[in-house]
Amino acid sequence: MSPVKPRFGGVVPPVVTPLTPDGEVDAASLERLVDFLIEAGVTGLFVLGSSGESAFLTDARRDRALDVAVRATAGRVPVLAGCIETSTARVIERAEAALKLGADATVVTAPFYTRIHPVEIDRHFRAVRAAVDLPMLAYDVPVSVHSKLAAELVLALAADGVVDGLKDSSGDDVGFRQVVLGAAGLPGFSALTGHEVVVDAMMLAGADGVVPGLGNVDPHGYVRLVRACEQGRWAEAKTEQDRLTRLFRIVDAVDPATAGGSTRGVGAFKTGLALRGVIAGATVSAPMRELTAEETRAVAARLEEAGLL
Amino acid sequence: MSPVKPRFGGVVPPVVTPLTPDGEVDAASLERLVDFLIEAGVTGLFVLGSSGESAFLTDARRDRALDVAVRATAGRVPVLAGCIETSTARVIERAEAALKLGADATVVTAPFYTRIHPVEIDRHFRAVRAAVDLPMLAYDVPVSVHSKLAAELVLALAADGVVDGLKDSSGDDVGFRQVVLGAAGLPGFSALTGHEVVVDAMMLAGADGVVPGLGNVDPHGYVRLVRACEQGRWAEAKTEQDRLTRLFRIVDAVDPATAGGSTRGVGAFKTGLALRGVIAGATVSAPMRELTAEETRAVAARLEEAGLL
Amino acid sequence: MSPVKPRFGGVVPPVVTPLTPDGEVDAASLERLVDFLIEAGVTGLFVLGSSGESAFLTDARRDRALDVAVRATAGRVPVLAGCIETSTARVIERAEAALKLGADATVVTAPFYTRIHPVEIDRHFRAVRAAVDLPMLAYDVPVSVHSKLAAELVLALAADGVVDGLKDSSGDDVGFRQVVLGAAGLPGFSALTGHEVVVDAMMLAGADGVVPGLGNVDPHGYVRLVRACEQGRWAEAKTEQDRLTRLFRIVDAVDPATAGGSTRGVGAFKTGLALRGVIAGATVSAPMRELTAEETRAVAARLEEAGLL
Amino acid sequence: MSPVKPRFGGVVPPVVTPLTPDGEVDAASLERLVDFLIEAGVTGLFVLGSSGESAFLTDARRDRALDVAVRATAGRVPVLAGCIETSTARVIERAEAALKLGADATVVTAPFYTRIHPVEIDRHFRAVRAAVDLPMLAYDVPVSVHSKLAAELVLALAADGVVDGLKDSSGDDVGFRQVVLGAAGLPGFSALTGHEVVVDAMMLAGADGVVPGLGNVDPHGYVRLVRACEQGRWAEAKTEQDRLTRLFRIVDAVDPATAGGSTRGVGAFKTGLALRGVIAGATVSAPMRELTAEETRAVAARLEEAGLL
């Protein structure tokens, strides 16, 4: 619809970071995962996002994971690098690392931990972009940073060339729609949804693509889904989405009485990948815990239902 | 009242980190500030807390600030080091740096950015303490980390020797009271309140001390206040507290339409210190902004009212 | 798709309650509004919802508004009556009034003001349904009642015949999708979305209909939109939705520095209806305020753009 | 300290509303409770507050409870009537009933359920006070109404004679302190804290009195506590408060896995009163539940520890 295609679109999974039992980056597993995703047809990789355990990894491990992923990708698709830090100077350090390691874009949230005014959020994005010459996506994730990026803010940043797109994990579909409508005249702007269970709906609403955590486990499903959307085969898209929405219930396999949301998501995705033989093990970072044998069986049962085992 | 005195108590200001105009640590100003506080009679220093802009400083600047503060203190009072990071491995790195640089204790929050269960928060504190052999205070600051440390959790960690005290910035005086009561039988436990405008009240309720951001600006007032509390001169304590509560309104000098809570607090404290001649300038980290000339005049007016200029 | 059609579906506007300048129900305007909506093709009316100012009206005015609406409707479409009260006994009183005044169903939220456990929310819905023999829709509106109806709770109540559907104003499209999927085997269940700017998307995701506040102002647009969805003309649906999403910006005509969300929504809708000549005036209940002349002009400008004036 | 004493002060329990097994007001029990409290030395009664189950009672039951309480009190102490409703016109109806039934003051919250701007909250209080000629206390209870009354708003309303005091259940001791300081020059203003476990602290900070839910169960303790505070016997006050803080744990006797905060509070208080023989039974309103036999035994054990059985 726009004169220039969005810079990023389609299926861009937030790649999990496989770990060895002692918590180091499992490079061989990460390389296999990158191949698995690209061969399934994804159109980009988002490394060091929330699903990538960015907030759990030391800087050395972050750098290692990004380095491995960029080399394994070898230019086949763009690699977006999460630069998830509390404030401006710290984000800039991460963006500099992303540039040096060969990422194609940064993904940046509002400051967190701090108590920050929208005017300061605006200043934050401008300062990061001015410091590091890489395309940047704004990452709207209030469940983690506890502030919401207003549609007006994102559109103003986009109009000034500060951000090249939005990765929306806010769950606020009303705001997302306003961004999509407002960005109609901004060539190259990428509106990506992070909500893997409403991709058909958000694509109909004008999203350019999706960043599905579950896409680690079933990238083929998401590629089929997004292609159906792009080609206007909405009934097929809905059917595929419904299947994936049922598969998403692997996160319910994890006992919420002893595990937080991060563990339930990342733990279930990694367990699914280990069960499918893509990565060597399902270790997650402290203080999260690995899934129990019973929880793992429950994940396996749902993968079987979905025809993935 | 307890058989062994709390390890940390009295007035322990969360030391601001003076910055040069280009955002580096202003070591000379920090040294003067350390002397100013210790000469006023404070009984400890909390470096790299929220008021210390920990979340805004790169690791190199954090290390520099802690190093300067420890050397300037030269053992006159204990130095507590904020180790404020998103999750276990990252906190451990900061705690190792604190140990190496000579801090006397760490101050550690619940994980943030992540979505974490209380069971995981418990595991987090235990893992950090097991990794680094330094006394540790739990830092309860839901306004920043968006989870609350339950009284039961803090008391269980204290009973097991994991934490040596609590720095409470939750504003939940009911929970704080429960911790104080529950810790009665735990020798050496330190219950510190971070709420500088109700110190008299919290000391009456059993606090061992206070971590007052405003104590950067008027340490003498907080020393008088806490001594009055410790000696049971409650009416005097209240009078001193009321004076300090009025002085606290320097944070209202900063326009809330263009500055968040971090800026209003740290910005006002630094401006007060610069006006009093203790530090060279009132630079704050991006994306915060320095106070305007008009805001600075308003701070000055309140300092004058309080007899501090 | 289900063996039995949903009981309620299509376009069910939450009818605003026109008021005289002194705050009484303007019966003549309400009658005209009912005719306007039904003639546009809506398939139901939701009276005394949030847009109907239920929380602002005395019981006498609530009864008056419902009575006028039921009589004016005269059986042409079903009338759903909001029974929005803090707790069980009070909701039952409202449901009894709804039954007596001839409503076809009740719409009931979780208790509010109180601090209530999900087990108690479950008990609440069961008690109301047992007391009053009318079909009941669960109304999920966390922005007002500050608790979220979990998908499992709604589905369990539906399976037991307690609720006949869901009116979802939660903005949680993930949860809504789970309800839609889970209700596939529940004949007659009605899944209605309250989010007027993503109707195309939610219909694709399986919604049976929409309860659009903006549908007061442009019912013809919503009827066209939902028909396009029902007939699988998704590209047309999206175009109509985009037009309506732009029209929704009439709520931005109201200054957020002096008016809350209730005023911005209801005030803008009533102003639009008054400008279109459907109702006599745009009076809203205290402590809300009527739109200023300038704000009214802004609403008018957007109606003109949309071809509605 | 102020030239004119606060209008309301000391111990003003939020009187629970005893119910018969079928949920009607148990007038005989309420009369005994009123006598029990007044004979213990309380200086006022707050009827139809949160502890009085105001949000759970039909208007008829509200009127009945207030009528019984006013008659039983017979002018011995002032009776404050909660007028807890969603918005202006509905509060005014309740305030009119309070006036007619002989209450001495109203207690009014910000609007709730609605989405309201502070400017509208200000207008709300002014409209209620203009409509009904009774002294009015502002009731700050964000846990229920989900907005906080700013200190500036309360002080502005007080300066204009709209409110005569504040009943603070916000837990924000910083804001409370600012109100107390700001009200120093407002003769007759009453600053009451609702936090029963920090009364010593809040009285030291300048509170005029307390509205303790637990004061239903142990009014003698609260009377001793407040007298000690008023006479500057702070060490004694702290000892009494510590005893009451331990007694407050009766609310922990109720299983939080099956009961919300309302049930835990009101249920425990009523059970304590029934065990002490003051009221006939511990029935609570639907959808709350009565305490189990095991929970009741746990409450009894704590009453025994406290010497109340």
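We call the chains A, B, C and D, going by the order they appear; numbering starts again at 1 in every chain.
The rule we apply is simple: a contact is a pair of C-beta atoms (placed from the backbone, for glycine too) under 8 Å apart; a residue touches a chain by one contact, two chains touch by 3 or more.
The shown structure was predicted, so the numbers you read here are calculated from the model rather than taken from an experiment.
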Under the touch definition above, the chains in contact with both chain A and chain B are none
Across the interface between the identical copies chain C and chain D, with over half of residue numbers shared counting as same and under half as different, the residues used are same
Looking at Cα centroids only, farthest away from chain C lies chain B
Distance between the CA centroids of chain B and chain C (whole Å) is 49
For the pair chain A and chain C, the C-alpha centroid-to-centroid distance in angstrom is 34
Contacts with two or more other chains occur in chain C at residues none
Chains touch one another in the pairs A-B, A-C, B-D, C-D
Seen from chain D, its contact residues with chain C in the complex are 23, 55-59, 61, 84, 86-90, 93, 111-117, 119-121, 123-124, 127, 143-146, 256, 258-263, 285-289
Chain B contacts chain D in the complex at 171-174, 177-178, 181, 195, 197-198, 200-202, 204-206, 232, 234-235, 237-238, 241-242, 245-246
